[in-house]
Each structure stands twice: as C-alpha cells, then as structure tokens.
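Okay, so chain A shows up in both of these, paired with chain B first and chain C after.
Coming up: the complex of A and B.
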C-alpha cells in the first residue's frame, strides 16, 4: 500500500480538571507508513500513551477534550468520524496491546474466548470459527499446546504467556497498525527479549506497522525506523533511528541515553540518570519545559519557547541550541531538582 | 470440588453443637416457666404442675434435656409444643412455606430493584439519577425496619386502603396482595445495600485495564457493559444477596411480627414469649440447617462465577 497510513498533525488533547487544565498532548505530529515501526520514547507522564489513546478515541471526554489538530487514518479523520466507524477500526485496523498483561485480560473469560471476540465482532465469524482461529493465533505467538491452553483462564498463564495472548488478540484481525504501549515493561528481562523478537518476527510476516511506546530507548533502537522523543506532552526530538539514536541533538534525548546501562559500565562511568521528575502537566515550566532539569540550560531557556526545528534530513529538535555546531553531549552530572 | 463440599459439611457439626448448646444454656438463665405460663392466671395444683414438668422433661437438668433433644432429633423428632401440645415438626411444616414465600419475594425485589438501581446509578454517574439512588439508599439503610413496616401499613392499608396489612392468605390473588407490604419491608435495607454494592463494584470495574482492552478491541459499549463489566461486578453482589437469602430463611422476626405473617420468625418469637422451649429449639434447629445450607451454596456458586477460585486440589472443579 502506498502513502501515509496514519498521520498525526499538531494533535492537542487537554484534560479539564478541577485543579486546572492538564495539557496531556500538546502538539504532537508524526507520520506512519505501512509496515514501518515508530518508537515513541519518554518518561512516565510525558504523554506517550495518552497520545495513542487520544487517536483511538479511548480517552474519556470529558474530562478530556481535543483542543486542536488532526488524526488521519488512510486519509480519513479519526477525530470527526462517527463512534460506530471508529469502533470498526479499533481492534480491527488499529489494534493495541498494553503494558500490564496481568490486568489487561478479563479474569472471568477463557483466553480463547478473549482472542476470538474481535474476530466475531469484526469478521463476522461464528463462535466455532473464531475459536479455531484463536487456537491458530495462540500457536503463532508460540503458546505450546494451544488447543488446550485456549481453554485456560488468564490466571493460569504466566506474565510472558499473557502478553503473547494479548499480541495474538491484537493481531487477530490482521491490523494495519499495532500500537504497543510498553509491552515489555512489566515482564522479566529474558521474557522482554522474547516478546520483542516475537513482535519483530510477526511484523515481518504480516507487514503490520507498529507504534512502539516505551521509556527505554534501547528497546526501540533495534526495531524502529523512526523515533519520536516526548517530554511533558510535547515532541522534543524526531528523526530516523540513526538520527535520534546515533546523532541525538536534544539534551533530553542525551539524558535518556545517559540513563541507559552500557556494557562497559564501570564505577567511573556509572549511570547518570536525569534527576527529578517530569513536570506536573498542570504547571508546565515557562520557556522550554525541560530547562529546570537540563544541565545545558541557559537563562534564555526559561523564557523562550523552543520551536521544533528541522536540522536537516527531517531530523527535528525542540532545543534553542540544537543547531549550534559547538553544542555537544558531554559527561554531565544531573543536578537535584526541587520538587 | 466434591471434597470441598464434604469438608464444609463436616464443619457443620461443630457449628451445630455450638449453636444448640448455647441455646440450651440461655434457656437455663431465662426467667419464666412454660408450664406456669400455659396455665395463665390460674395457679396449678402442685401435683399437676410437677407432673407436667416431668412430662416435658423440664425437671431434668439442662444437659440431660440437651441429650434428650439430641436423641429425639436423631430420629427426626423435634418434640411437642408445651403451649399447644402439637408436634413441633407439624408446626414448622405449616409455617416454613410462608417464610419461604416471603423470603423469595423479598429476594426477587432485591435482585430487580437493587441491581437495577445500582446499575443505573453507576452508568449515569453524577447525574440526577445517581444522586437519587445514593440519597434514597442512604435513607433506606438508616430506617429501622419496624418503623418502615408501620409507616407502609399506615399509608397503604389505612390511608389509601388498597393493601392488606396483616396475616397471609392462600387464595391466589389475595396471597399476592398480602405479600406486597411485608416483602417490601423485608427487602428494604438489603435492597439499598445491594444497590450500593452494585454501584461501587461497577464503577471500580469500569476503571480496570481489561475494560480498556475490551474497548480497544472495538466492542460496543453495551457489549463491554454486559459482557466484560457486569460479569466481574456481579460477583460480590451475588455473594451479598446469597448470604442475605440465608438470613431471610431464618425468618424475619421483625417483619413477620409487624405483619402477623405466620412464618418461622413469628412462630419462634411467640414461642420465646411463652417459654415454649421445644418450639424454640426445633425452630432454631431448622433455621440453622437452612442458613448453613444456603451459605454452602453461595460458596460453591462463587467457584462458578469466579474462575480464579477453585476449591480443593488444582485443576479440580
């Protein structure tokens, strides 16, 4: 299929709470082509998940409200289409898997039934057909004895198996886009690698585009074609994986890299995590929202809003100094940030 | 599962002995004398009095009476009423159906109104309907049952004069009319609780991850509600209503007394007043068995409602 599959254009979604307006998604744009993988990276509370939920129209409104922007799926606006039409797309053309496989499956239904459900709803399959297909899907995601295990309840599955079942459920209708929201965060490290491998293998087979949401740059470096780094509801850096991972230009991305363990980790080159927490989205700092935690910040960062600038080749960065030739990543100590 | 049920039935034994022993102990410290009470104002000649006490075994110490009671019970005999001279078994054969009828009517009300109101309240959270349900259930929970019964009698029986306020009937239509006010009275507090549990459970379930998964699959809101949310939210409600049914089978003493309902509770209440101990013991024994049985039923049904609960060995049930 040619052309853009999914396009977000300056999407803004704010929560109107009693305490004020929470700008959860504040001007996010990206384009996803068929079969591509986009990595969306950022700390907890940076708006990665909410962006995905917003475009799927799964955010309760109110308190949420779309404040602007557009989401186009195959050229059609997901934001203005009727609820019934979006429902036809959910789980069918765009499927999601979530962070915690322990709580994302309904405890009172058998695994097989939960995988068969989208097939019955979207593909009009009979119960028997859908069940048969569910067993095939379980086999495909590597569950041994799939025919028997389809009759199990979620609590009889281990964490890794549940996430495999979630993947089988998401891929049941052969979707164009798979949104994976921190699919490995709740799993053991060895299981994490297995799940990521499985997703890559299935992507090769089915040609599904993947949006991989994670706080771990390492996870997407292997998989993604493009990477979007988010902070406080906004995109701060975007580019190809080569650009963002190997030539990052935004201090926040540098910070995320400093937080990654490396193989030659010694006492001298210990981890340098970014101290503090992302700002409360109720009180986003003026100027660049990262400046209170940024070791490279200058006075101007507290007053001037940095625009997302193209550094060349589609590599975007929202830092006033990203374009300066002398502005380089160095070994830094991250200062404690007052809460 | 079978082993679990057997184990539970074994546990009935200590409960049974505990309750009946306690009951016998209480009667020894209770003032009043069934034989004297039966005679009324007149004073019995000492010889007659002594003979009657002997006939009912009241001259024996309480533990001997207890052994007598157990011996008769093992043969299915609950003894003879001191006040009326009738077989205790016959008395309860007559009264238990009335208690059963009242309990079932109240449970149906509880299920329909309680679950319905809780459902509406949760789905229409923060609307006028939610406020209405929350407010009315708060009031109902706080109202004493006897007060509600008397007020209903006054409004529907005396002022409007459309419903009978006392006794029961066996004719089809009037039987139903007689049932309405006692059933509402008996169901009131539990219905309010059922509605509140339903509401809070549904709201809690709605914020669960698997509900988000269900929406992300593209299911319609009604399919999510009836398929994914209700099946989880109903588990505690069913438990509550089940246990409540057990309580109702023990005869609602207050409700049955206010409405002169000829059920088990009313019978036991009158027997206590007359110190008619065989009737009290027999009634309590039957009630005890009914409650134990219903509780077991609730626990077993739990395993069918919630697959995470499996009694006994793994992979069983």
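Coming up: the complex of A and C.
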C-alpha cells in the first residue's frame, strides 16, 4: 500500500544464550502510516525495545538471530539491506531517542557538535552550516541561549535539557519515523509533561511518525493514534487508542488497567493486580503465554497458540475468547498472590 | 488518633567540598530546610516531590540514618536526636525502613533467611532456630513461599525482592515504616501487588507509614494525608482528598496537572499547567518563595518574602502568598514547549 511508511510482519528475534533460546520478539506485526503515533506498551521484558532495535538492525548478531519475519520501510526490506544502506536510513530517515539521556550522549563531545554530526554525515553539510543548524534545532526544542549552550558538554545540562538535546539530534535530519524508547521515564513528572508537549508540538510541525515505547499507559493516552500491547515478546492487543482504553478485549490489557491506581477523587478503589509474574523468556509457557496468570484461562489456553484475531475496525486481540460476546471483564479478587 | 511522629523544624545541609579529595568546604546544599509535620498513629503520610526536593533525606533523618543539621524529631514524644545506646537501639526496633532498589538493598551473599532474621540477631532475639522459624513466618506474611528460605536474592524477581525487604522491615514488629519509593522500580502489575500487600500489612499490624514517592497516583492511592515538598521546603500538607480536589499551592496544582492519566478523553480535554524550566539548584536556592522562578502566578512579593506554611482550610496548610483553591487560573500557563516552538517557526 502506498500509505504505509513502516511495516513489520511477523518479526521474530531470538537470542541464543548458554541457557537456551530467549524468544525476545516472537511474531510482532504492525504498520505505521506517515504522521501517525503508535504507542507500544508492555512491562519489562515484553520485547517492546528489542522490537525497535531489531528493525533498526541494532541488535548484535550473534547472540541475536532473526528467526523470521520482515520489516519494510517504504516498501524496502530493512532486514536484507546492506549495512551501508541501513546506515543511510538510521539516524536519517528513522531516528531514535532513548530512555537515559546521560548514557546516550557522548560525555566528551560538546552538545552542539553531537547534534551537528548527523547533519554532516547524512546531509553533507559543512561544519559551519551544521553548527548553525544545530543551534537552530536547540532553539526549536526550547533550550534558552541556544548559541551559548551548544558549546556545553552533556554534564552541564539537566536531565530534561539532555532529553531535549536528544530530540534535537533525532530530528536534525527531518526523519520520517522517530522511535522514542521510554523518553520520559527517567524524568520528573513536570519535566515529563514538558517533553511530551514538545514532542507533540514538533510532530504537528514536521509530520514525523512516532513510535512511542513505554510502560506507562498514561503517557500514550493522549499522544497515540494506535496502541500495541505486548506481553512476553508477543503482541496481545492492537487497536486505536480509544479501542484499547475503552473496549479492551484481552485479559492482559484488562489486568494492566486494573493494576493502575485510578484518579478517583471521591473514594479509594482497590487495586486488582495480575497474579504472579511475567514468565522468563527462556521458558515461555506453551499455548497462550499469559495463561498461567490469566483468571479467565481454560484448559485449551495451555495448548493452543491464540492467533491475533481481528474483532472489527482493525481491533486485534490474541485471546481465544476475545470474540465471544459473553466474554466480559470482571473484577477479580486475589489474595495477593503467594508464589 | 495521637501523633506517633512529630518532625519539627528539620533542617539538613550537606557540605559541598570544593576541592577534589579536599576538605575545604565551599557551599552547602540545603536538602531539607525547616520542615515540620506530624504523623498520626496508624495513618499513612505520603511525602511527594520531584528528585532533589529532600523527601528521601527527610525519611533518612527520621530514623537517624542521616544526622539532621538542626531541628528535632519526636517519636512517641521522645526526642529521637537525644537517644543514645540502649534507648536508640530500642527506637530502631520501632522504626524501620524499606528501600527503593530491591537489588541493592539485599546482600547477595546472604540467604533470604539470613537477611530476614538479621535484625532479630542484632537485637538478640531468640535462638537461631527460633529466628529461622520467625523468618519463615514472615515469608508467609509477605506472600512468599517459606520453603524458599535458603535461596539467595538473585533467585528472586524485583517484586519478590521487595517483599523480602518488607519482611525484613517487619521482623522486629515495628510501629513505623519509612517506605522510600518502594514500588517505583517495579512493573505496573507487580507494583499493584506490593501496594496491596502494604495495605494489608497496615491493617493487620496497625502500622504507620511514611510513604515517600514521586508518583502522585501511587501516593494518592496509599496515603491518608499528603505532604508536598519542593526544593527542601514543605509547600502543602493536607488530607489526600482535599489535596487532589482542591490544591492551594500553585506547585501542587501544576504537579497534579502534569501526571499523565491513563484515560484518553480526560487527558485530551484537561487544562494542563506546564512549568517552565528545571528546578533550581539547592546549593543556591531562590530567595523568597523557592518556587517563584517557575511559578505561573508569581508576584514581586514572592521573590522577597518567604511564605509561611499557614492553615488555609481545616486540616490543610499551604505555603504560598496567594494560596487559594486551584490558584492558577485557566489559561495562565508557564511558557510551554508548544509556544516556544511556535515562536521559532513563526
């Protein structure tokens, strides 16, 4: 299709370790259209970051191995492309920002230089041109006295400013896709609000598509057009933001939402956590990987892989019972969960 | 309910050494500055604020993990700062601490049985066998399998380790637990489990909590009363409901408005106050009200005169010259990132 910017089809990335095969990404598919925001939500170890790293070809292989699937960027396969071609896309057409802005900036180079670097590499700008553009970009992301601050080193920036600098760097080449991996997790809540607002404002201006990887459902609630929920390396639910928040159909999504303290001002409501813990990716349960923790699980869940089924309107869920009209979310009380 | 804990004019300054390895003291970081509050028996006081606001230092000062620069702490009307020897040891039985990082706070070379029974051994309780059976009992209380008593911490997940830390804190039957960000390192589903556990233990053992956290939705869930800190100062103290319904301090209001809500409709439609810039350095805090540099409604007086923490409603205090219910009017915002972008592109 002409509209598709990025398409993942049944992507699988396994790590071959001494202890066995870790199925970090096990059949992830989605499409991203220009200008869209996709929220990828999941807990630690759900494979949300590795998916992004795999499609950027940033996973060291070995131990990683792509066991199948395809990543198409504007119709071209990123997985079979030569390394030089990928390098031309990475940081240029598809840019990435990471969780920890301190470790992702080089401490021994000035901020301005680090932002100018991709411009010189990808756009062939001269040093002076690139520096000038770097200052403009710093201004754009709201760094005061940008011309002076471009000469600072990362340690002279606060956490929020570093993340702004990372955003400036990522957007320097006007990428088609920006992958943001937990961009605000390390930041305070007032700074988080600033960064999210900045990303939205910049997206409006540049039309960049964003893949927002996060564990915080609140972060994607007003940013994302679509949401993908992942569990143990697999997608469990996909839909528009409203579908996933207001008509979720997968028990894991239900559990995730019931685990969140609600902002209910009249009374305190109890939390209803999911019992147990996420499985080790070395020993993913057979059948539906969520079945040992699922309060709705039946015998069949332990033996049959649930396919990702379209429930209508592009709303997908990987649960054998999602399509049953009588399958409804109910409040599940746990004695909190001895292991 | 009577006060179990009173903190009066607590101040903690850390010296900043100006020379590497040197002893010349240049400046002071005023991590906590003249903070007073009380905690009633059986309640949970939430202590919130952003990084560097002094909430953890306050917690550490309460149980004398850190010696305060000045001010006093009264536990059951006894001044904790004056306790020595036996009395101090007795106090430490009563007040225990739960740490944020479940990986760093458990000794990797000790079995969890040894970890949990160590406080008992230190206080000379029981024989080795009795301590062991108490440890098993505690594992059961926090929802872990007592048979795992000879396992090592690395065999447990983050949430389970946090349960081990809680079991250790409970070993001596304390009255007060200082919980320093006990769930912020955990995944959402595990976080909810631990919060429910803390809730249940409070009911079961009549515990009093000081719950330190930066996540306002977690604090709201667990707290009876909430104290908000900014740059070493208390800015607002209130019961949880009126704090969330009707904050009187502009910082509290903007903090609440910055929390991302897991509800697309509410998130899209609500009025958010975006604060400008970063919190200033506590080495050289702003004069007057420490929040005035980022405050959307600051006036001249705010930079000259420090506001006192005054009662603004029943059981509700705030430190602002313009304290009022939701003091920042709709439409007044700090310079937002959006306007900065608009200015550059326009």
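Just so it is clear, the second predicted complex is superposed on the first by the 324 of 339 C-alpha atoms of A that agree within 3 Å, B and C clash if a C-alpha of one lies under 4 Å from a C-alpha of the other, contacts with A are read in each partner's own complex, and residues count from 1 in each chain.
The rule we apply is simple: a residue touches a chain if its C-beta (ideal position, glycine included) is under 8 Å from a C-beta of that chain, and two chains touch if they have at least 3 such contacts.
All values derive from a computational prediction rather than experimental measurement.
**Student:** Do chain B and chain C fit side by side on chain A in the superposed arrangement, or is it a clash?
**Tutor:** With chain A aligned, chain B clears chain C, so fit.
**Student:** For the overlay on chain A, what angle lies at chain A between chain B and chain C, C-alpha centres, nearest 10°?
**Tutor:** Spelled out: centre of chain A as vertex, angle of 70 degrees.
**Student:** Using the touch definition from the top, say if A:79 reaches chain B (first), chain C (second), both or neither.
**Tutor:** Neither: A:79 stays clear of chain B and chain C.
**Student:** Please indicate which partner A:197 is in contact with in the superposed arrangement: first for chain B, second for chain C, both, or neither.
**Tutor:** second
**Student:** Counting only touches as set out at the top, which of chain B and chain C does A:147 meet: first, second, both, neither?
**Tutor:** Neither partner.
**Student:** Which partner does A:205 contact after superposing on A: first (chain B), second (chain C), both, neither?
**Tutor:** second
**Student:** Could you say whether A:90 touches chain B, chain C, both of them, or neither, answering first, second, both or neither?
**Tutor:** Touch partner of A:90: chain B, not chain C.
**Student:** With both complexes overlaid on chain A, does A:105 touch chain B (first), chain C (second), both or neither?
**Tutor:** First partner only.
**Student:** For the overlaid complexes, name the partner, chain B or chain C, with more touching residues on chain A.
**Tutor:** Touching more of chain A: C.
**Student:** Let me test your reading of the model: by the given contact rule, A:284 touches which partner, first (chain B), second (chain C), both or neither?
**Tutor:** After superposing on A, A:284 lies clear of both chain B and chain C.
**Student:** After the superposition, what is the least C-alpha distance between chain B and chain C in whole angstrom?
**Tutor:** 6
**Student:** Give the list of chain B residues in touch with chain A in this complex.
**Tutor:** Checking each residue of chain B against chain A gives 208-210, 212-220, 223, 228, 231-232, 305-308.
**Student:** Which residues of chain A touch chain B once you look at their complex with the stated criterion?
**Tutor:** 56, 58, 87-92, 95-96, 98, 100, 103-109, 117-118, 121-122, 153, 155, 166, 169
**Student:** For the complex, which residues does chain C have touching chain A?
**Tutor:** 50-51, 140, 143-145, 157, 159-160, 187-193, 195-197, 200, 214-218, 220-221, 241, 244-245, 254-255, 257-264, 266-268, 272, 274-275, 278-279, 336-338, 340-342, 344-345
**Student:** Would you mind writing out the residues of chain A in touch with chain C in their complex?
**Tutor:** 43-44, 136, 139-142, 158-161, 188-198, 200-202, 205, 215-219, 221-222, 241-242, 245-246, 255-263, 265, 268, 270-275, 277-278, 336-339
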